[in-house]
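Multiple structures follow.
One chain, chain A, links the two complexes that follow: it is found with chain B in the first and with chain C in the second.
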Partner chain A sequence: MDVNFRKIDIDQYDEDALLDTELYESDPRDPAQALNDTKQNAAAVRSSLSRNDYVGALTLVLENAPYGPNVEEAKNLNLQTLVSILNSTKATDIPGIVKALSTDAQDTLMKYLYKGMALPGWGDVSGSVLLGWHEKLTEVAGTGCIVRAMTDRRLV
Partner chain B sequence: MAPPEVFSLSQQSPVTCHAFNADRTQVAVSLKSNEVRIYARQGNDWNHIDTLTEHDKPITSIDWAPKSNRIVTSAQDRNAYVWQQSPDPQTGHMVWKPTLVLLRINRAATFVRWSPNEDKFAVASGARAIAICSFDPEGDWWVSRLLKKPIRSTVLSVDWHPNNVLLAAGSADMKARVFSAYIKDVDKRPAPSVWGEKLPFNTICGEYASTSGGWVHGVAFSPSGDVLAFVSHDSSINIVYPGGPAIYSIKLSILPLVTVTFTTEESVVAAGHDCQPFVFAGNQGGWELIGSLDDPQSNKSSGGARSGFGAPSPVGRLNSAAFNTFRNAAERGISNVPGSPTASSATESELFTVHQNTITSVRPYEGVPGNITKVSTSGVDGKLVIWDVNAITPVTAAGLAGKMNKLHVR
Partner chain C sequence: MSNVLRPYLAAVRSTLTAALTLEDFSSQVVERHNKPEVEVGVSKEVLLNPLTISRNENERVLVEPSVNSVRISIKIKQADEIEQILCHKFTRFMMQRAESFIVLRRKAVKGYDISFLITNNHTDIMLKHKIVDFIIQFMEEVDKEISEMKLSLNARARVVAESYLSVFNA
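After this line comes the complex of A and B, so read on.
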């Protein structure tokens, strides 16, 4: 049976198609500014890490995380910074760190964990580290946090 | 503190929706089919007494008008019918007769509710529209006017304001909205309220979204109509004070809620995929999760030790039988294929909640608007349950505590 018709993008013929951009408020920053903010964050994170302030470092990365289309460069850099924090944390410290994060930061962290899992072998991403964080985060923030990572259209 | 009354209407099929008559002696339900089944209460049993057949696709919603004793049904066949009892010419028995409704929608009808005065009803649909229907005596049928703008996707639920004019709607475009459904021939000019002063048809009085998006599954006005609650698929419940303007958004650690109703001006009951009705309370100063009408901990102890569960999990249903099956397979190489005789899988997958699956609908059962004392719920497990809204079990599990933050609407 010919199933190629299923690959036709029928939305392009629909003048009233619902666009992704109508479903969320886009990042108010322009791409250059978002990238600049992310670069400054990355520097601040390095100094936080040198003081062993993991909660502070994570909060920097997770609050004002760039999202949406057109900011791919900033998004990649932010993921890289985040992964460097996750990789440098001792497994026994994770529950305490996760509990100290705000609900919004927990939700954003969950989005990054899933993004990392979708990019195996990307940069320093390690599946076992991500799964360790995922387990502890789910114990603290519950299944609701996972649901929010799935429903939120503000993709990181 | 009466225990909940539990009735199992169906072993196999879900109860998609339910509606009681005025004196609660009969209930109309849809068991995920194209028939409406009416049950009459006899002691502690519900007997199937009547079936309404006119729809040819599954029924999505039912509402029973308490004063005029009329039933309205909506279905995936894009139709709605209003059912009235009249004597059969041959036998003299009272039978339910359908009246056609001219909906003019080209997608499924998803939800239906009578207005408080019972002279209008609203039909939500997949056609990005809500049909506001009123009776046309000349044609002897129900005609509709469509609320279209600015709905961008399927409308999933509606709720009427007590003034018979305003309508709240939750939609798959991730917005909860308040519309004017003013019909000139039916309604008197409404008094000004927090939602606005001039209210011609299709005025948008408010548009709200949850922070993390998600389909808005359920909406409800407070008894005064001055407060709006909505639940969405990001596991949140949101309480809107339009005069504020503020939204209180409670992000929950549980699975999403799908249905919500106010019991007093300062408390709501909401239920959904976590299989138990939760109680939230608050006022202009803030809202919080109070507890559950269900008590899974005591159900567990009275039900005896069941294998497969162990210590209560801090993360809701994560530590379920299915979860354990996969964990055993992954960690110990034990594969427990469904149907294998080793484990009593029926008891293992049983939840400690009264409902064994998603709750599809929660509705007021006893009391007056503003002081509801009992609510009824129906579920995918085929159960109909009546709960005392004052029998609240505080939510103790650490992972269940809702966290709240305040947002200001721009």
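After this line comes the complex of A and C, so read on.
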């Protein structure tokens, strides 16, 4: 008989216990497919950038962004692609680009901005770029965008 | 670097304004108890995603919201050892007197220098935009205070060293 029965977390066996996965709809794609999609997006983004089509590039990255716990590689790749777009836009263009995005894309962009700022290393992303985008995005989308970034469990 | 300071503080202000929508929420684990959920951290559904705003590697603000409380942790810029010691002593001084600050937390979160805990009771008594103003003003002033202390420390050290070593010069 297990002597440590007092230390068992009894709540995990409760049938009404809330699991992390129940809090949101998980990404329907499996990891390999998500990674493929992200790679295709990255290639498409590079071609958009060469044509200076920033809105198109951003929309490609932000729609159908991979989220959830088991698609780490796809998420990182998407973040790198997004960072390359953010670095290459001029500061004066940002308000126009942000206004052209859909609300969902704006929310996803806000999530990515916070994720970028939370990264410990600062390889290719600079604080001023992210903060500048954050300021312009808040001006356009409002505080509600930040609230949605806080409450949305689909972590990019 | 004040050109990055302004959007940094603006980002912190807008994030705090978004996070400070708090309401009363009794504990789901213990009946008749009412605890700040961000400190308890047991019920997953009442905790929101923590957000980080950073200016560079050494200056960060972590905002951890929940349904009835928000924990804000600040990492102050410390360029060298003197500033590290000064910052440590300064924050320790304030954290020992956390009762009079009301919103200050007695221990900083690991990895940060100082933490604030704001609950729905605080937002009921005080004005939300004033609380945000306080935190922003605190962030601006703590940098100034530490550099002031460092300057006066260096000045005093120079005076002492001069008067002590002048004896050996004569």
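Keep this in mind: the second predicted complex is superposed on the first by the 137 of 156 C-alpha atoms of A that agree within 3 Å, B and C clash if a C-alpha of one lies under 4 Å from a C-alpha of the other, contacts with A are read in each partner's own complex, and residues count from 1 in each chain.
Basically, a residue touches a chain if its C-beta (ideal position, glycine included) is under 8 Å from a C-beta of that chain, and two chains touch if they have at least 3 such contacts.
Note that the coordinates shown come from a computational prediction; the quantities given were computed from them, not determined experimentally.
Undergrad: Where does A:E72 make contact in the superposed view: on chain B (first), on chain C (second), on both, or on neither?
TA: After superposition on chain A, A:E72 lies in contact with neither partner.
Undergrad: Regarding the shared-chain residue A:L131, is it in contact with chain B (first), chain C (second), both, or neither?
TA: Touch partner of A:L131: chain C, not chain B.
Undergrad: Tell me which partner A:L18 touches in the superposition: chain B (first), chain C (second), both or neither.
TA: Both chain B and chain C are touched by A:L18.
Undergrad: In the superposed arrangement, does A:Y114 touch chain B (first), chain C (second), both or neither?
TA: second
Undergrad: Between chain B (first) and chain C (second), which, if any, makes contact with A:V147: first, second, both or neither?
TA: Touch partners of A:V147: chain B and chain C.
Undergrad: For A:D30, using the defined touch cut-off, is the partner it touches chain B, chain C, both, or neither? Pick first, second, both or neither.
TA: In the superposition, A:D30 contacts neither chain B nor chain C.
Undergrad: So in the superposed three-chain picture, is A:T103 touching just chain B, just chain C, both, or none of them (first/second/both/neither)?
TA: A:T103 contacts chain B only, not chain C.
Undergrad: Show which residues of chain A both chain B and chain C reach, each in its own complex.
TA: On chain A, the residues that contact chain B in one structure and chain C in the other are 18, 23, 138, 143-144, 147, 151-153.
Undergrad: Spell out the residues on chain A that touch chain C in their complex, using ranges where they run on.
TA: The contact residues of chain A facing chain C are 18, 20, 23, 114, 117-118, 120-122, 127-128, 131-132, 134-135, 138, 143-144, 146-147, 149-153, 155.
Undergrad: List the residues on chain C that touch chain A in their complex, please.
TA: Within the complex, chain C touches chain A at residues 3-4, 7-8, 10-11, 14-15, 17-19, 21, 43-45, 48-49, 51-57, 60, 65.
Undergrad: Touching residues of chain A toward chain B in the complex: what are they?
TA: For this pair, the touching residues of chain A are 18, 22-24, 103-104, 107, 138-145, 147-148, 151-154.
Undergrad: Across the complex, what residues on chain B touch chain A?
TA: 152-153, 173-174, 211-215, 232-236, 251-256, 314-318, 399-400, 403, 405
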